[in-house]
């Protein structure tokens, strides 16, 4: 290994000579500076290379040819090497971004940059307490220089505050060092750690001072106002260095002194870190200035990493390897994402200081820029496949193992807030994109792009390291990447490619799909392929749609084939990610997507904790002996995903605002993933659910309420997609109810309902997509009379609503029959009555749907619209055929379902010939179909036989008392169709869920607002915070 | 013990001038008093058998620092006196390179 | 007697240094003037230096400088602790660097048209 | 008012943490093991009469290198911040010209002061003082010149060259230690000589000289920059 | 002895013929009785026949589109189908119909078949009054279904079956075994629901005879109207038979069926006549109020 001292010598020599070299020209001097930074990077790589594969041991280097107690020691171990690499990589990237300003500013800027990075490297390498101080000062002072280098006035303001905090911190550190020397007798950390004097009453205080100084440098809440101001105002390149490189170095410094800390001090570190994580995220949610927001996020992340490092030791969560994996993973994630985002924020332009003016001044990003921003933002919030995801999983798993539930709550809660505001920001960026504006990538996008690529690369690597190596689980990302590469290709080609990808996935996964999984594969994979096909209905490449749709579909497939909790959760979050981006693609998807992803993540977090708390395999087999309550978390998480009443608020927006075909995919296919997991979870852990009867009954009522209120909300909608969205919610409610029955009849019902819902909701969405495409509006009252011009779509909708409402003889009735039979059989009479009411209510919106769109008076402007495109009608035709077949021969559908369920439960329902028999009653689908057809045919012929001289009449030729109507707008009864119903029962649908969550959001927001009152902008107050923070910390450690 | 007493006297002087430096209304007085603190400190250092440090403190702490302070103060006072056309310039204008 | 022992136990350098640190801190936290803050930091720094050196204070010992090569062995028993001195040397210079930078910030802020009170630089907040 | 209370609380709290520590540490009767080792090894192995210098330049020379770097960065930063013309160059016209006495004295003294500074840093391994102190003394000469002739400019290029080259020399001597002796900044490149003579303690005097020149140049740079009319 | 499939179809036609005529006469006589009660002369008992023949014999018919024509077909098929799924007379092969297609649930849901078709046909008619009528009708439907469903659930719970034949079988052996006697609350809830279901006062706002010319069927004329009128008879009959089966011990022969259904209908009509008409929202609130509570009580009674 290269002696790192030479690197310091090089850097210093280069820095000293820079003013001279600068006389040769700025290019030469900057080139020298960059080369020096690169040399650090190369050396770091060589260290890593030497340390990892061969496992060459950690090496130490002394100065002046002496060893430890006399000389200063530098140590190169794995964490040091990685840290060095991070510092130099971030340094180079930022330098690239700052290049122009560096070229214009005095040479002092380049010197400061070089010295700052060298200082950070020194912080990482040194094992000497006082030397650590020197390097901290080098990097701080160089940073002060850098803050001012390009002469931003705001940066100067912030810099002064920074210096005040830094000054206090260095005074503390010096006091700590000297007393550590006094009581420990050593300046070398490793030797001091062995000295008993440091653990005495006085030595602990000395260690406390060291710790306090380091913590302050790590910008803990609430003593971090100065840091936020700096992040906000300085050159984003410098922000990247501070938030990435400097934080890495300081965290490693903290890690270094941890051996001399006692338990009380470690707890304080953990507590302070978590408090920072939580509070900064809360405040971050209030930010409208992107850089300030990123600043809060940085501070939060660093707090989390520090807390994790402390907790690892405090709770013995694992060995150093665990700390590297988790704290390191989180840090790496933060480092890459934040560096990329800060650098990217340059491209967004300079935000003004006022929140209002800011939005206008931000520029839209090119598609590539947006994509990179997406990768970085998504990585930052810990979605797969990025390192943060894996680290968070390991962390939660370990914390669950240590039974630290409160910590989990804090961490995940704050993570959710962070996801909220980071994705809100990303949504705003994505929303600014020009429609199909193929702007080239911005200048300076290379840095963020590299960060994004590294983030992905490390993410994949850490996933593999955690044992998620199943190629099928990674298939979504492969498909995403492959299709993004051909994103400029015409839509039909990409559709075919997506279908091919799904087919290939299905082929590969086929052997692993048992009955239940195969059943769901039809809906999930088949549905995905179908919607990929349908996506051709709009011309043009529809950029981004196919990759995401394909990824989402394959993620659904991956959920089916996952065989470990982590694999499953990975697939689940992949699905969340892909579907979030799909929603975001919608025209007005920004808000809806945000709600979708926040609730999606919230649900996923519940799932994660549940999974983490249950040791054991992830399979469709009963597992005994586990704690029961985690299953409640899993169910809760799934309920969020399924949009159960109360946590449904994301649902209408997400289903309504995404592209019309995507809505169908989300509602009919994707929602079944939750059903699948619910079934698997109940099958595996249903036996250990605490208070089983009560819990299931409650679950049933939740499902029921969802069904009822979904229907009630649906009837008041003017927007056809909203109607369908609420309807989906209601239908899923029935599935939940049926699952809660928890016997053979119930589950048969659930699966049957799920499949049916897939069929008819697909038909509806596809038909409505065609209608919307043709008429160009989503408001039903602006349509009317379309039966004449779009008869096929009408037929499709007609069959779908007959099926959905459960009117015999179509298969929807089978679902109703099964539902009531199983409910009554179970003795859930009241549930049955409410379900009956809900299904009657469903009738209302279904009729409204078909009436206001297809019947009534056509609008003149829509009299010439054509039938929907073939890309939509072909799938609809196929679905109609399936629906008819399934209706006439219920066994086609029910035999496989009952086969699957038969593995788990004793039979209640059975077939006698074509008659399905329950203990209470019977239903012969085939016979009732025949009777209906015959009766209908007879009536039809009766009608024809008596029809004399039929005369079609013109549009307004209707029976009116005195005048003839002439305006379809006044004659088509469509708007506020159920006004009397609203008058009678409108009070039920006052959006309580929305209001609750809004109030909740406002509450969180105002907590954030209250907390951020801390940040008064006065540097002196910040200094006061620093001192008070230290005092509080001191008192706390004393108390602990 | 004599040295201790001397140190205590110097310490008292330091604390007094320190408080004076902070409390004084006049910046120049503050600066000079803080120089005085450093000077007293260097005496203390000398008494403690640290002549190296004493020299450094005297030269840098009390000498150079004071000069730097005074210059900085003068510089900012100039800014006050000057016709402040420049202040109207937008602070973000980054025209000024070193060249 | 015990009072005397107590007083003898007190390190006068450390005591004055610590008080000076507090005085400086008070200045940092309570004086709004930028230059005053710098002065306060300078006072605090002096205090810290005193504290550092106090650890190396051993009554009755001389500076760690040999007069001649002859009594190298025995001389070490007469000398004070050199380590804090070495550290303080570094700390003083670093302190100067920080002070200089802080002052140039102050000057820049002032010449940029700002007030000399730190309270007027609170545009970035919340 | 609230603020005053909080500040008071903060100070009291801080005192509560700091004062017991300062008191409890007391006065040592004996130097610690590490100090004793330094006291015993430094003369023996490095031939340095001034143990502090030995520590500062050699054992913990890395700190000193860092310290020089700190000063260097600070100078660069101060320079970068304050040399802009539009920052309001010092109003030369209004500055009172220095008195005749001062100017004459400056002419006489400058050389002497520089010599004195050089003496200090070259004897750093023998007597109290060293590079930093010497550097300050050199800077004093510059200061004197500035006072005497406010409108004059120092030969900026020369200063930069001295600063850069002395810094490079420092590093180079350190590297020599790595290649010819046992480690980076090892002064034992040259014979350690006998304690007490000027040519002793290996390269310590050389290093201190480099430091002295560099520090002198840097401090002068700071003064120049603060003075405000460096181009 | 199980009849052949041809035989069953034949029986079904006979059964249908009987119920059609019975339904028409029932409507006619009820109108006549109403008139007498109100002090009018009223129409002849066979007036419904006259109406149907007249409508069907119209020389012209006006159409608004395919669904407009199909509406009455749906409606009539719905009525006939509903009847077909109910065993009209307990133990009678002739009146067994196709009740082996499904149990009570099938019947309850098949009722919607005709209503849906009718609503669609009316919708294509393009008349706003049709749509208003449908809107009111559906809205009211959701409400009266609740007490009805509750009472059906009570019955199902009480007899432990959803099979109509089995429900009737369980009520054999005298009045004391009727649901009317064993669970009168269920019957009350169901009867109230029936008022809504058949659009009688006070829940007649759907048809709204005075303000809107006959609600949903506004645009219908000629034989299409004739089909609707036919359906009215059949559908009414089917519902009455269903009620009889569920609550009044069913019928072991045709005479018992006639008497029971007539009485049920009579009581209903005359109970309703005493009240003024309610607005839609009022009737919704009404149904979800007391009748629902009664229904819940009936379920509780049944379970206990």
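When the chains are written out, they are named A, B, C, D and E in that same order, and each has its own residue count from 1.
Please note the rule applied: a residue touches a chain if its C-beta (ideal position, glycine included) is under 8 Å from a C-beta of that chain, and two chains touch if they have at least 3 such contacts.
Only a predicted model underlies this, so the values are computations on that prediction, with no experimental measurement involved.
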Check your understanding: Counting one step per pair of touching chains, how few steps separate chain A from chain C?
Key -> 1
Exercise for review: Check every other chain and keep only those touching both chain C and chain D; list them.
Suggested key: A, B
Check your understanding: By number of C-beta pairs in contact, which chain pair leads?
Key -> A-E
Review point. Based on CA centres, what chain would you say lies at the far end from chain B?
Key: E
Review point. With chain centres set to the mean of the C-alpha atoms, which chain is at the far end from chain D?
Key: E
Point to revise | Per-chain Cα centre nearest the global Cα centre, belonging to chain | key: A
Review point. Where the centres are mean C-alpha positions, what is the separation of chain D from chain E, in Å?
Key: 106
Check your understanding: What whole-Å value do you get for the distance between chain A and chain E if each is reduced to the mean of its CA atoms?
Key -> 53
**Study point:** Computed distance of Cα centres, chain D from chain B, in Å
**Key:** 17
Revision key, fill the gap. Chain B to chain E, mean C-alpha position gap in Å, rounds to 102
Review point. Multi-chain contacts in chain D: which residues touch at least two other chains?
Key: 7, 10-11, 14, 18, 21, 25, 28, 32, 34, 38, 50, 52, 60, 63, 66-67, 70, 73-74, 77, 80-84, 87-88, 128, 130, 132, 222, 226
Revision key, fill the gap. Chain E touches at least 2 other chains through residues none
Study note, to complete from the structure: In chain B, the residues touching two or more other chains are 50-53, 56, 60, 64, 68, 72, 75, 78-79, 86, 91, 96, 98
Practice item. Report the residues of chain C in contact with chain D in the complex, numbered from low to high. Key: 8-11, 14-15, 17-18, 21-22, 25-26, 29-30, 51, 54-59, 63-69, 72-73, 75-76, 79-83, 85-87, 89-90, 92-94, 96-98, 100-101, 103-105, 107-108, 111
Check your understanding: Which bits of chain B are touching chain C when the two form their complex?
Key -> 3-4, 7-8, 10-12, 14-15, 18-19, 21-22, 27, 30-31, 34, 37-38, 41, 44-45, 48-53, 56-57, 60-61, 64-65, 68-69, 72-73, 75-76, 78-80, 84, 86-88, 91
Revision key, fill the gap. Counting only contacts in the complex, chain E reaches chain A at residues 56, 58-67, 69-70, 72-74, 76-77, 80-81, 84-85, 98, 100-106, 109-110, 112-113, 116, 119-120, 123-128, 131-132, 134-136, 138-139, 141-143, 145-146, 149-150, 153-154, 156-157, 160-163, 213, 218-219, 222-224, 226-227, 279-282, 284-285, 288, 295-296, 299, 302-303
Review point. Inside the complex, what are the residues of chain D that reach chain C?
Key: 4, 7, 10-11, 14-15, 18-19, 21-23, 25-32, 34-36, 38-40, 42-44, 49-52, 55-56, 60, 63-64, 66-67, 70-71, 73-75, 77-78, 81-82, 87-88, 126-128, 130, 132, 194-196, 215, 222, 225-226
**Study point:** Interface residues, chain C side, partner chain B - complex
**Key:** 12-13, 15-16, 19-20, 23-24, 26-27, 30-31, 33, 35-36, 38-40, 42-43, 45-47, 49-50, 53, 56-57, 59, 61-65, 79-80, 85, 88-89, 92-93, 95-96, 99-100, 103-104, 106-107, 110-113, 116
